[in-house]
Amino acid sequence: MAQMNMLEAILSAQKTMLARDDKVVILGQDIGYFGGVFRATEGLQAEFGSNRVFDTPISENGIVAAAIGMSLNGLRPIAEIQFADYIYPAFDQIASEAAKLRYRSGGEYSTNLTIRTPCGGGIRGGQTHSQSPEGIFTHVTGIHVIMPSNPYDAKGLLISAIQSNDPVIFFEPKRLYNGPFYGEPDKPSVGWDSHEKGEVPEGHYTIPFGKAAITRAGEDLTIITYGTMVHVVETAVKMAGVDAEIIDLRSLAPIDNDTIINSVNKTGRCLVAHEATKTGGFGAEILSIIQENCFWKLRAPIERVTGWDIPYPHAFEWEYFPGPKRITNAINRIMEA
Amino acid sequence: MAKKQNQSNIVNSLNKLHVPQPTARPDEFNDFSNLNIPNVEQAECPAIDTNPHEMRGLAYGLIRVLDDDGNAAGNWNSTIEPHVLVKGLKDMLVTRMFDERMQMMHRVGKISFYMKSTGEEAISVAHAAAINFADMVFPSYRNQGILIARGYSLVDMMCQCLSNARDNCKGRQLPIMYSWKKGNFFSISGNLATQFSQAVGWAMAEAQQGGGRVASAFVGEGSTAELDFHSALTFATAFSPPVILNITNNQWAISSNQVVAGGEKTTFAARGIGFGLPSLRVDGNDFLAVYAATKWAAARARAGLGATVIEYFTYRVAPHSSSDDPSAYRPKNEPDFWPLGDPIDRLKTHLINLNQWSETQHETLIEDIKTEMKQNYKQAESYGTLKSGDRPDVTTMFEDVYEDMPLNLLRQRQEMGL
Amino acid sequence: MAQMNMLEAILSAQKTMLARDDKVVILGQDIGYFGGVFRATEGLQAEFGSNRVFDTPISENGIVAAAIGMSLNGLRPIAEIQFADYIYPAFDQIASEAAKLRYRSGGEYSTNLTIRTPCGGGIRGGQTHSQSPEGIFTHVTGIHVIMPSNPYDAKGLLISAIQSNDPVIFFEPKRLYNGPFYGEPDKPSVGWDSHEKGEVPEGHYTIPFGKAAITRAGEDLTIITYGTMVHVVETAVKMAGVDAEIIDLRSLAPIDNDTIINSVNKTGRCLVAHEATKTGGFGAEILSIIQENCFWKLRAPIERVTGWDIPYPHAFEWEYFPGPKRITNAINRIMEA
Amino acid sequence: MAKKQNQSNIVNSLNKLHVPQPTARPDEFNDFSNLNIPNVEQAECPAIDTNPHEMRGLAYGLIRVLDDDGNAAGNWNSTIEPHVLVKGLKDMLVTRMFDERMQMMHRVGKISFYMKSTGEEAISVAHAAAINFADMVFPSYRNQGILIARGYSLVDMMCQCLSNARDNCKGRQLPIMYSWKKGNFFSISGNLATQFSQAVGWAMAEAQQGGGRVASAFVGEGSTAELDFHSALTFATAFSPPVILNITNNQWAISSNQVVAGGEKTTFAARGIGFGLPSLRVDGNDFLAVYAATKWAAARARAGLGATVIEYFTYRVAPHSSSDDPSAYRPKNEPDFWPLGDPIDRLKTHLINLNQWSETQHETLIEDIKTEMKQNYKQAESYGTLKSGDRPDVTTMFEDVYEDMPLNLLRQRQEMGL
């Protein structure tokens, strides 16, 4: 085991797979010689050559399309989209092509493409460097949607993504690259060495899709979340002094219904939290699953704490962000109901 | 500034947006006399390793081999074995008659939709003849001739159109949206042009792995406006992969004339010049020209010289699809005036000139194909039609969304009682 | 008043606005001389000239981008996307530009663009001529999302869309163009002359966004739906013999929370139906709103009846479609709970 | 076939994908001796109504007016009033010094982000000088020179960068993402190239309404790979609207050299040739050349002749942004060797040659700008900085999502207790 931050874990996953499977290739903007604007591919071109790791023109559509084509010819491409906010030009290739290819061809063709992309706010990136568009992709059947919350999971899940024979969108909460973020921007930041999930095996291991993690067991209420919000929720739970069960979904599609349902059936209370905007977000799906499956056990309305329904504003980053206080308020409301 | 004088080419009257217009609308007349058709001697044939900048002229001329009398001539003429030509003629005929049969089947309600390639058969068939079977084709929906030239079973094609129990797309796709993996023929997408950029990726992987095969992708001239066309050319110029980027300019995109797609100010082949790619403009109704241009492009690709753009200049004789009635937007007799003739007639005359074919052989062949087509259809229909209920098993509806069926789909299948 | 089918009503709305406001222009594929593949713009170029109504190259991205640009220069464009399944290449211009322009520029710039696009199945169109992607757009804040279910609403809502100073996506359930569809494909189809909403004023009128219609008042349960499903639900309600209150949302964003909440508070039971796939669809948002606001009045789990989580299959159109039988089953489950 | 012989231009070795590489990496040396810089006499200047096909050469040459000694010559030379040049010099200096000031403010933590345009000032400033104030600019993020040339208040620019109470973008955008409606300067988007296709739409509306204004849009060479570039050119060729489509080729796109964007096989100006559009390649560090090319394109547009594509050949002396350190991917001294010099130095020399300027005047001007800049910054800071808390009112966070605030936002604002 080694100490890794989340970037190192993501780098390690890619390096492990490049070494293990010569069909693995990486493409994206600035990911070659330079090693990526977040350094998630640092050193990989030097080690594996530009035949395996290379820069592309600035065309998200072209990147995804080329990666699909490469996968059709036996390769196993990892495509980096520099910011999740810039994934939209590739939307058609993802939703109409990658997601539907296996189906439309009666199983003859399919793509194993993995798309890695940094998402979420907290770096003063303004509205085009902060978005969390996962809720747009969870409505597209035929792709897997993953978002890890820590280095250990990031590496294991990314290796699973690369090995998967289905297309995967792997969202990386950039606020977590260097350390867990507990939702308090004014507090000094801490590194992953302070967190048990910063211990990451050097070699190959996988974490299966569709399995949520219970990051805190509890009896009072269930909080379902993923990505950065896992740590923010932790803070809020401490502040509220409740015995919450915190579920880190990790995999949004496929989603781990059983873990969710068992927990809410036990606690009877539930809160859903994500950084993305509320209306039509993935929180609505989580809430619906619970409502449909745990109706008779629910003792209070499920609440959603999310980003407001506005673009992520540069100067009001922390007013937009669903921080510990808003979560605590919601916890209190739910516990009092 | 502005030293040299020139005639005006002002296109915009003030106070009015320039909206490109076709030469003629239904009540008007168009004999294509506005087209400048160069003769077969005009186009040069550069060595494949010529610098693309030295062959820009090819994007503005027209590569032709068969002259008006059906004789082969010009710089692009080369010796093609007669059996290749005879097979080509046969494949074109089969393609045309297959289209006719299926169009009829649509008319009588056996299939839900159809798209013919009438008049454009040489493009698919000669192209297929000039590349290797192992080369990977990323087709548009009007390349049925490639399947036929590659020997795909007509029965299988019909079964796909019938969405019956033997449809290899398992009833999921509209008729004609074929997929034939064993034939190195990619699954046709309903979303225009998406295959163009994917083909470039496939070819990049081929270069990366040193396989020696070529990718060949097709779009219509209307579809060159789509985004994936740009991605394809951008990646093709950056990475020089072995790919042929084919544009079938059949003058129409549903009701929109090729001028709407940006064909008014230059050729579609010229798009490739914008990226420094060798770009050929080819008489698409000339089997020998299509064959020669394809061979040239494939040789470039196999030599590691990268991508070639080819525009095939042709005419969509058929309606856009079974849902379309072209008399609503173009002169009814416009197809009759297409100055580049019919690809089947032209190759037939050529073969007769070569003493490799005769009118009798031709008639016999047509009769044979007719019989075969009937038998094939009979067989295909024996596996069911969409209406007969002999569809693929309905439980397959939930398969192939993912490699393994996730829980939500398992549960939905259960909910359906399957 | 005149008898109009839904296509005629949509044509009439556009014609009314072209005549009333010389800033209105229409652009799209095949919409000019030809009048559109569904004939929704028939005769408009002949009447208003190609300066007002014109064909574009086949680039959905270019159409939306050009329309945004035209609106910035004082025009009021209506852009047709030939099928909703083909809207994805325009996704970036819609989600990153149209939706965020007013916000990012501090209110200096905005776009009044209306996008019309036929959606939904039922015409044997296969997976690329049948989709209902509204749930992807309802998660994008900054745009309005509308889907009418009848000629009268279609005209009034489309005029509102054209007059709106915000971007609007106007989904037209193509199965309803010629007549209401009651979910029984084998029954002879009927025209809009058989339906009271086939009576449409010739002139100008508007229906405000954010106001749902109660198409059937009832006490037993609330059924919330929109588009084609409004009529399918009607059939199911008759079959089930329940006194259901049927709400036709018409406007998904903004959504009429009050009408929904009042109804469910009254009935205590609720079903949500849409043709789009289930996971992450707009039904999840509706369900969430109800759960959050009507929790204490709910007497049974809310159910969603939707398309399955698969691409729309050509040969299994009616197996995919959430028809009256599936709805009736759900109604029975809800009533028995 | 393949008659003519030519030297090999084979780019792909087998078994390896061709991946374009810059001339030099950090530990290597690049003096740009690979570049072929034509002299000022080379480029012809056609009449604006010349058929675009007759001026294709302009996309492959380089339009220059100022020679190495700072004298104006060649076909594109024309009389420009000295006060226009002096204003240009001043605006370029202000632009450069504004950049330096703001970069410093970033370094000391007053602003969260910055992007300089060092070395590229002539492009924005001369372009702005050559079009009318009423012409609508669709800028990229490196066109601050246009704002300055149009007389936007430096204080307002600084306030935007500071996200303070006077920021007209209300704190919603990253620094430098300006919007100035009164200055006919479009809101800058973080999404590359989206403005390019919008500008074409704006110009279509201008043609439609007969307003006589021109739209002018900018992208970087890296951004030409984006989809909106293709939409822009496609619609520009189809509808011939009055638009200038400017490509700033500053050799780099973050860490990616222009070869990655497809600059290896041809010029970026050539992209326009693919669409039959007049396409100019211009020395971007030559104020007079940028001015002349812009005037020419604007005259074409105003005459109803449609769109022009212009590539400005320049060099990004600055890092990509305040988050970037170019020494990680290019030789540290590469900027020093850029063969087209510094645009400010070149115009200054020219003005001195014309006896319209002197070293002393230059130094005084610099001092004046320095003082002004300080004062402006002081004033801007008095309205607050992002950190000082003098931000726009937080309740505005929920405004401008729609024209009228919908219920969900009203309720969310209430929930926040505002």
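Note that the chains take the letters A, B, C and D in the order they are written out, and that residue 1 is the start of every chain.
Everything that follows uses one rule, which is that a contact is a pair of C-beta atoms (placed from the backbone, for glycine too) under 8 Å apart; a residue touches a chain by one contact, two chains touch by 3 or more.
In this text, all values refer to a predicted model and were calculated from it rather than measured experimentally.
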Contact steps required, at the very least, to link subunit B with subunit D come to 1
The pair out of B-C and C-D sharing more C-beta contacts is C-D
Per the C-alpha centroid definition, the whole-Å distance linking subunit A and subunit C comes out as 31
Dist(centroid_CA(subunit B), centroid_CA(subunit C)) in Å evaluates to 36
Separation of the C-alpha centres, subunit A versus subunit B, in whole Å, is 42
Within subunit D, the set of residues that touch 2 or more other chains is 16-17, 19, 167, 170, 172-173, 177, 189-191, 204, 208-209, 225, 227, 230-231, 234, 238, 260-262, 401, 408
Expected list for subunit C, residues touching two or more other chains, is 51, 56-57, 59, 61-62, 85, 88-89, 92, 96, 103-104, 127-128, 141-142, 253, 279, 309-311
Seen from subunit C, its contact residues with subunit A in the complex are 85, 88-89, 91-92, 95-96, 100, 103-104, 127-128, 135-136, 138-142, 253, 276-277, 279-285, 287-288, 291-293, 295-296, 298, 300-304, 309-311
Within the complex, subunit D is touched by subunit C residues 25, 51, 56-57, 59, 61-62, 65-75, 89, 92-93, 96-97, 101-110, 141-142, 144, 164-166, 210, 253-255, 257
Within their complex, subunit B touches subunit A through residues 136, 167-170, 172-173, 177, 179-181, 186-187, 189, 191, 194, 197-206, 208-209, 211, 215, 227-228, 230-232, 234-235, 238, 399-403, 406-408
Residue set of subunit A touching subunit D in the complex reads 29-30, 32-34, 37, 50-51, 54-59, 61-62, 85-86, 88-89, 124-129, 278-279, 308-311, 313-316, 319-320
Subunit B partner, complex, touching residues on subunit D are 1-20, 44-54, 56, 60, 75-78, 204, 207-210, 212, 224-225, 227, 229-231, 234, 237-242, 259-262, 264-266, 270-277, 292, 295-296, 299, 303-306
